[in-house]
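Shared between the two complexes below is subunit A, which pairs with subunit B and subunit C, respectively.
For the complex of A and B:
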């Protein structure tokens, strides 16, 4: 019985939250990795793009809610998501046309493009503050739980409760669908294949008649989709605050680099590596340990390796370890 | 325009902005000398930081996005050097378990932690390659971590119990606060050494991500380690290197002199204090500037630029690129640390929550790029100009929104939203400026020769 309790506690506090967080990071890291693979620079505006996409979706959600439009037990934000993606895609394509294209045609050094993305970051950040302000925004509605803590206790008779939030299930389901669609697109369609060719060897791709402008445009549209979905799922699961999204830049980049920059499969693996290490290292293990060990060995402290405030330190340390021992990431990325 | 005239003219133009700021309240200027001096002091600090970043980026092409962290380490130095020691934080008696207590135990824990990392690195380097090496390194780290926590946590517990409402931290050395400026530089240099050792020699954006991360971690440490500098409870009332306003106002000689100038004692004392800071900061800026110019024009500076422009060629000439990069990274970060210590000294408060990456890291980048990367005069000019602009953007936004909404009644939705939006105008404008300069004048206002 105690063993079961331990497993339930572990699932409730570590496995489920980390899986959801990992899926969100993986979607964010996929965006970073695609931009890196095709446009060949590290986009510092990624976190703020995420905030922008989420903001647009929130605005549409509020509008739908005010019209009395709901999505049954699911959050209304899902209905608003396509509109959020569309507006974000327009923004990204516009930015590319006005800002990034110039440096791409000039074949500027990647680090210059990264600095340019700092300017874009400032502008997006200002834009989000203009429209929605800096405060916390809640936009979750619909059914809150798939399995509620009380219902689980009543059904199983265990001491430990297990709660499964709708947003957590939703995150995983949506992430699987999106990633599936992305891989199908990259591996099966003509445009997807030309994107991979462009990423592997730009010169050969150009030589074989691939239109670079189309590849770049499609990349930005896909990135808009990934980034908005990631941001909305994160916002539904936790809450939306522009500065938190800016800070997500670090775990997202860590995930992309750990997996191997430029490698989509690596980005997904990296997302989960980062999420699971963050949650396990900052979780207070007292409860689980008390169930497993005999009473005489029960710990006094919280058995917490680091407080949750140091979660960035975890992604950072993993990043450093990977950089030291395997600079190309777990899966081989493009970076040397 | 001849290029030789360009630099002095630009500096005169920026100086005119500051003089207008103090003397007239026409258009967007505040017309208050106190405000103008306040902006000038931060501009001086920004110029020093911009010089530090320019060494890294302009001389060597290193992309450091952790300026905020180095500045915060400087801020920490002011507390550890300038504040009075906390009574009882470093007790001489041994504890019940035979170990030293309080601050000593914390130091012991930190030393043990450093030793663990060193042992792990040693094991990784010296043991023969294979599964045994990985396992023993892991064992050293895991065992070391738990022993470290045991030693360290015991010390923290005692220190945080001392008078938690007012102190609860290890306190400082009680030295003059100016001493903390070079110490802040040393702290930043030490952090830069650790980052440089790991992330230099890899691709340039990896350094950017690594420094971005370390800056967040430094802020997290300052916020959470209450024994160090009281965390988010903030340290207030740091000692000052200059006079206090109240003392000046109580001094009859000062009041009389102020009256001769036609100023009331309150304004005169504020201006006097700010002016004292300006003189101190300007002195540091001049020292750093002279050093930077001498270094840039020395054989060492030529070597750095040669490495920046063509690493492969420089390496072929026998230059150790990674080592040179490490040096310049440490020096530039130390300069940022010094400026950070100076900023906290002027505020008189260490508030870890006030460190924002957009303000402390990316704004400095705008200064360097706009001023002219690779040119020290450019970095200084960028520091002054962009900091003035950062402050002027808000009144500018209000002015602009007043023009756009002229004739509309009060309470009109467009007017209200425009007035609210003026406050968020800053980041937007900085982004536009950065992009415009990068596009149309990528070498900045004062380009490198």
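For the complex of A and C:
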């Protein structure tokens, strides 16, 4: 029984939340990595693009709700998601046309494009605040829990509770579906293959007749899908606030770099590495250890390796270690 | 040519003496950054006081007051100081109403207000460290120090028979100051703090913090954070995972938005925030809704009071220069004198002109003590069925 309690406590506070958070980061990092791999620059506007996509989805969600449209036990936001993606795609294509294309045609250095993306970030930043405001927005409806903490306790008679939120299940399921679809697209379709060719060797790809404008446009559309899905899932699981999305940029980039910039598989691995390292290394094991060990050995202290103050330091130490020993990330990325 | 010069000079002199003085008050708050959702109402609070004085038009023989907004960012001291510098050297403000967060307030005080001799009244900086900061008599605050809140929170918990708590605070001058003050007071009263965990605001995920808090245990969780920031994230996560059921909410955490967002999970949680049963609060809310903003928004009343105190002190000193009126701030804020409520600033100016004493009560029952900070009346609240109920005043 005590052993069960220990496992439940660990699952409830570490495994489940870290898995959901990891999936959210992985989706975000995938977008960063795609842009890096194909368009060859680090897009700092990524966090705010997520905020924009989520904002559009929220507006559609509210509209659907006001018309009485619901999605049963699932959040209405899922119905609004395609519309959010469409509007975000239009925004990204428009931005590319107005801003990025100019620098691409001039064959500017990646660092210039990165700085340009910083400017785009501030514009998106303002745009989102201008439309929906700076405050917190809730747009989750439907069933909140698959397993609620109290329900679990009553059903099993354990001391420890286990909670599994609908949004957490949804996050992981949708992430798996999206990642599966993306890999199928990149590896099996003609457009996907031409994107990979473009990413591997631009000149050779152009010589073999690949249309660069089409590759760029498709990339932005896929990125629009990824960011909007990532942003909406995150917003459903936590809540939507423009400032928080801006701050998400840091762990997302850490995830993409750890995994290997430009490598989609690496982005996913990186997302989970960052999420699990943030949660596990700073976890206070007191509760779990107390359950497993006999009473006489129960610890007085918190049995904590590092206090949670260091959780961001932990992800960056991992980042530095990875870059020291594998400069291109865990999976071979394109960054030197 | 000579005549022309003379005429111009005379004209300039005449114009100078005839036109009334223009007084500028800098309103420096975090319009961007973690407090961006409550600062608009705070600025409107201050501007409401300014508009009231301008409508009367009697301050210092018809001086007009202009409020100039500047961004403190709440977190970036370098930007806050640069903007304060701009207010003082560029706009030539006579005083600064601000800043909001304790960290940037301390920075502006040391690097701009003191070197330039400008009076600063903060409506919301509550860090105990500001009580002992060198201020040359220029710094005041209409918010109480959190050293006082730590004691009040301990009393609230002890009265409910709670002896063991877990504690989390937002990792800035406000959160750390309040957490330390509370922990000291609570342990002195015989309570135990099982763990004290800082959290960063606006971050993506709070699983790690909640996991540690849950592991350490405690009867309730004290959350010294912000309603729309990490504090909310922690509470949501703790309720979802079943880590804690009751939460103690200090001033930064009391807000209807939080209650609406979290819902039933907050039933039975309690806390305290600066507040009085004085009628001033109600009058202010009436004025605020007439002006089109929410008068119950956090620190909006304190902002009104801060701006009002600056202008009344100017009147009491008969001068808009900081060096002259700094010493008058405490006089107008405290007894003896005729009590002044919100909406009565014109009356206060008349009384001061007639040489009478005033006791500014304002929207928050202002009473400045010690180094020029609010004495601190607190409203103990408990949340039941989505409503914040007042239990008593302390």
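Rule of thumb we're sticking to: the second predicted complex is superposed on the first by the 324 of 336 C-alpha atoms of A that agree within 3 Å, B and C clash if a C-alpha of one lies under 4 Å from a C-alpha of the other, contacts with A are read in each partner's own complex, and residues count from 1 in each chain.
Basically, a contact is a pair of C-beta atoms (placed from the backbone, for glycine too) under 8 Å apart; a residue touches a chain by one contact, two chains touch by 3 or more.
Not measured: the values here are computed from a predicted model.
Visitor: Is this a clash or a fit when subunit B and subunit C both end up on subunit A?
Guide: Taken together on subunit A, subunit C would clash with subunit B, as the superposition shows.
Visitor: Applying the touch criterion given at the start, work out whether A:3 contacts subunit B, subunit C, both or neither, answering first, second, both or neither.
Guide: In the superposition, A:3 touches no partner, neither subunit B nor subunit C.
Visitor: Should A:247 be classified as contacting the first partner (subunit B), the second (subunit C), both, or neither?
Guide: It touches subunit B and subunit C both.
Visitor: Where does A:135 make contact in the superposed view: on subunit B (first), on subunit C (second), on both, or on neither?
Guide: After superposition on chain A, A:135 lies in contact with subunit C alone.
Visitor: Tell me the contact category for A:285 with respect to subunit B and subunit C: first, second, both or neither.
Guide: The answer is second: A:285 touches subunit C but not subunit B.
Visitor: In the overlaid three-chain picture, which partner chain does A:149 touch, first (subunit B) or second (subunit C), both, or neither?
Guide: Second partner only.
Visitor: Look at A:307 in the shared chain and tell me whether it touches subunit B only, subunit C only, both, or neither; answer first, second, both or neither.
Guide: both
Visitor: Tell me which stretch of subunit C runs into subunit B once the two are superposed: 63-71, 81-89, 279-287 or 369-377.
Guide: Looking at 63-71, 81-89, 279-287 or 369-377, the stretch of subunit C that collides with subunit B is 81-89.
Visitor: Which subunit A residues come up in both lists, the one for subunit B and the one for subunit C?
Guide: In the superposed arrangement, which is not itself an observed complex, subunit A uses residues 246-247, 307, 309, 312 for both subunit B and subunit C.
Visitor: Under the touch definition given earlier, write down the residues of subunit C that touch subunit A in their complex.
Guide: Counting only subunit C, the residues touching subunit A are 33-34, 36-37, 171, 195, 197-200, 202-205, 207-212, 214-217, 228, 232-233, 236-237, 240-243, 257, 261.
Visitor: With touch defined as at the start, can you tell me which subunit A residues reach subunit B in the complex?
Guide: It comes out as residues 41-42, 44, 99, 102, 110-112, 114-116, 118-127, 129-130, 246-247, 249-250, 253-254, 257, 305, 307, 309-310, 312-313, 315-316, 319-320, 323-324, 327, 335-336.
Visitor: Spell out the residues on subunit B that touch subunit A in their complex, using ranges where they run on.
Guide: 61, 63, 65, 145, 198-199, 202-206, 208-210, 212-214, 216-217, 220, 223-224, 357-358, 362, 365-366, 369, 421, 424-432, 434-435, 438-439, 442
Visitor: Tell me, which parts of subunit A touch subunit C in their complex?
Guide: Contact set of subunit A toward subunit C: 9, 12-14, 17-18, 21, 24-25, 134-136, 138, 145, 149-150, 152-153, 161, 163, 165, 234, 238-239, 241, 243-244, 246-248, 251, 275, 278-279, 282-288, 302, 304, 307-309, 311-312.
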